[in-house]
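Next up, some structures in structure tokens.
You will see chain A twice below: alongside chain B first, and alongside chain C after that.
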Partner chain A sequence: MEQLIRKIKGMVHLKAYRKQRDDLYFITVEKAQLEMILSHLKKNEGFTHLAFLQAVDFIEDSRFQLTYMLYNYETGVNLGVLVLIDRDKPEMNSIHKLWAHGWQYQRELHELYGIDFPGSPRVHESFVLEGWEEMPPMRRDFDTLEYSERTFFQRPGRSTNDPKEYMKEKMYKNYAASPRIRRDDE
Partner chain B sequence: MSNLSKSKYRGFEADRSKYPVEEEGKPVIDLESHKFTKIWQGPQHPGVTGNMAVELIINGDEIVDAKAHMGYLHRSFEKLMERRRYIQCFPIVCRICVPEPDTNEYCVSAAMEDLAGITVPEKAMWLRTLNLEMSRVGSFLMWIGGQAGSLGMGAISQWTVGMRDYWLDLFEEMTGGRVYHMYMIPGGVRKNLPDGFKDRARRLIVKTRRLMQDIDNTFLSNAIIKSRLQGLGVISPEMVDEYGIVGPNARASGREYDIRMNNPYVCYDNLDIKMITATEGDAYARAQVRYRELNQSLDLVAQILDRIPEEGAIQAEMPNLLHWKIPQGQTYVKAESTRGEHGFYMVSDGSEKPRRVFARGASYTHAISVLEKLAVNVSVSDLAGLMVSLHTCPPEIER
Partner chain C sequence: MNKKHIDDIEKQMKLANEGLPECERCLFSDDRPSSVEAFNKYYEGFLNWARSRSLWMLAFGTGCGATELRPLMTSRFDMARFGIFPRPTPRQASVFVVGGYASIKTIKRIIRSYEQMQGPKYVIALGSCTINGGMYYDSYNTINRLDYYIPVDVYIAGCMPRPEALIAGFNRLKEKIRAGECEGMNEYTEKFDWYKENQKQIIKDWNMPDYNW
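Our next item is the complex of A and B:
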């Protein structure tokens, strides 16, 4: 594996490299070089299995991280190829020509994160959210509570309690005064 | 044309190379021509696996085009987990797969342990192996019932689902829950085995083996079943890489990939276990592979029962789980479910809640890309059998 990493370093600009376990490695590459490195890993290095393609929202850095998880049947090694893309204008090259199921993940990411993959088949079709008009819901800034309060309504005659206050009242009524060992942060 | 059955009992022997007309590999379908009909199989239909739908274009009773539709079961588990503490994820993840929830629990626990650097005691590892293997038995039993039921043999469904109930009794003894167990938690497992559990489990293995013999006689050796499953939904070895096919579906096409052997986890490297493969790649080969794997799982449960240490801790020393912060990092943990590679990708930002949890369901590609390809040229009446033979499971597709 070390040999492969050296080889990749010679080919592309490797932004980061991390060994998580003996059978799991992560490398971070440039957005423009991703397709080239994936195609090389698939055709020449035996990483023929694409386990998944997913996104992580790093809203504080204004970046999406895309993870392409590959697997090599010969060596039994998982290699996560990471690429960081701009969160404000998220767009990425499609990999549907490398793997026939790639379009499925791309369609999902388009719907749940709003990442576009130009040229990917059926990428603008809805996957699970038919008729969704809000912001893509898996983004960190999508406020689930605000959305549900705006969209749904309480059945009349029902009351709700704040769980924290309710538990204090019902279960820990005498807790504050109880003779116990106190935590430092109290 | 490769999906066309070669069996003498099946139709569609005619040359279909000229009709319907194809452009760029896709049939040209004009619904106005009255030669085609659009029908929906699902979302409420006895012939689909779980809550999904397949939009079919048929010509006579032959499927010309198929499109899988999801979204009837979306509960947004992944988003929920981003808003919860690590320990609060456990009641959520087991719901990702009803017949086999333990693989989810294992993967999530193992991912947290991997990120936090926790070593699980040996006895807890053995108990986890037992739990995982028992859940494989339960899920396979349910699958046999589904496959037989989809071909009209309802009696076998009654037998296997009934037998699965006895296995659920064992789960109830072991974990306190029948369907959802929440048995594995970070650092180990929740409970020890109750008294007399091993003897009862051994007796149930004998009972299940007797049923397996009946299933072999009535299902796998049945001429009608053979005629319907042989040649149905052939997955070629090239398709395995192309579509990311895993599990028994890939092994029935000759791919030797079983995570229990290729990347051993828990105690699988201490067990006597062999790769089960076939070469035909059709629905019947998949049924045979699953039947043999179920037998092997029964063997493995027996082996594990003999080897679980009597003494030892079942929990590692853990911090207070309600205020547990996991160091920054990311990991991918996978396990072999009955449908294949089931994995969890977890990203931690160092806080009390996960930044991202992604469940890689084993049948994610099987139910969409692969099904859409294999359904073409299949009879409408065989589609249910095809879907079950791919062992698709909608809740893990739209987590």
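Our next item is the complex of A and C:
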């Protein structure tokens, strides 16, 4: 795997590299070089399976992070290719020519995050939300509680408890007061 | 009153079906649903007794609560003991079990299925989500209370309610039917405009007839 990373470093500008587990690695690449590195990984390195395509909203940095999670069936290694795109004008190249099922992920991302993928088939069709008129709901500045109160009818009398405090009160009252049981090695 | 005036009134009594394209409006009925009068006390009592003993359930799992319907159907809890039987289509069913949360996309299908069911029809709402939203009370996509969209006869609280609780709910429904209290279908007809207003408030792309016969 180290060899592959060195190889990728020679090919593209590698912004970051992280090893999370023996079978899980993440690399961050430039937006323009993404398609090139993905097709290389698919054709030459055996990462033939696109497990998922996911977005993370980094509202503080005004960025969306896209995660292309690839899987190698021969070595059993997961490789996440990360790319940061601008949050104000979210647009990304479509990968439906590399992996045919990519269009479905892109359609979902367009609906839930408002990320556009020009050229991707049926990307502007609604996926889960039919007739949605607000801003994309998975963006972090969308106030879902406020929307729910505004749109749906509330039944009065609803109350909530903090699970931790409630369980301490109801179930572990005596237990919480007693001194903690020490482990052997402490 | 002249003839034109009468025509106008008749037009107002019809449903507009504005969600449908112009060319398709003639394919669907534009009649409003009408209430059903009860027969005399003794005959209606007999009918209610019979109805309560053969509840045919629409097997439409709308949410995660439908998981609890599987053990209820199969041999361990065996709902056939109570005269309850799953049917694959709304046209043959008399009980609609709304299984847990209903998203906006699902409530559209729920309304269509409910309206296609033949009367007398009953609704059991299963789980906390149908009562007040449950754990999805702040979701952008899940309705908070079901009784603003279709009339509900029995609620079963819990997240999820066990099959025993469902059996208790079905027994409660039977008691209500025998007592003649399950008038949800007539209620839907009488407050039709109110229900439609609530439904159209959340279903933004209304591309079906106003009443699905």
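One rule holds in what follows: the second predicted complex is superposed on the first by the 154 of 186 C-alpha atoms of A that agree within 3 Å, B and C clash if a C-alpha of one lies under 4 Å from a C-alpha of the other, contacts with A are read in each partner's own complex, and residues count from 1 in each chain.
Following the convention adopted for this analysis, contacts are C-beta pairs under 8 Å (C-beta built on N, C-alpha and C of every residue); 3 or more make two chains touch, one makes a residue touch a chain.
Computed from a predicted structure; not experimentally measured.
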Contacts of A:L24 with chain B and chain C, given as first, second, both or neither: first
Partner chain(s) touched by A:L129 [first = chain B, second = chain C, both, neither]: both
First, second, both or neither for A:P137, with chain B first and chain C second: both
Per-residue touch tally on chain A - higher for chain B or for chain C: B
Which of chain B and chain C A:Y147 touches, first, second, both or neither: second
First (chain B), second (chain C), both or neither touched by A:G46: neither
First (chain B), second (chain C), both or neither touched by A:G114: neither
Contacts on chain A seen with chain B and repeated with chain C across the two complexes: 126, 128-130, 137, 144
Residue ranges of chain A in contact with chain B within the complex: 20-21, 23-24, 26, 48-52, 54, 56-57, 67, 69, 73, 76, 78, 80, 99-101, 103-104, 126-130, 137-138, 140, 144
Of chain A, residues touching chain C in the complex: 126, 128-134, 137, 142, 144-145, 147-148, 151-155, 157-158
Residue ranges of chain C in contact with chain A within the complex: 103-105, 108, 131-133, 137-145, 148, 198, 201-205
For the chain B and chain A complex, residues of the former touching the latter: 70-71, 74, 76, 78-79, 82-83, 114, 241-244, 246, 255, 257, 262-263, 329-332, 334, 341, 343, 345, 347, 355-356, 358, 360, 364-365, 368-370, 398
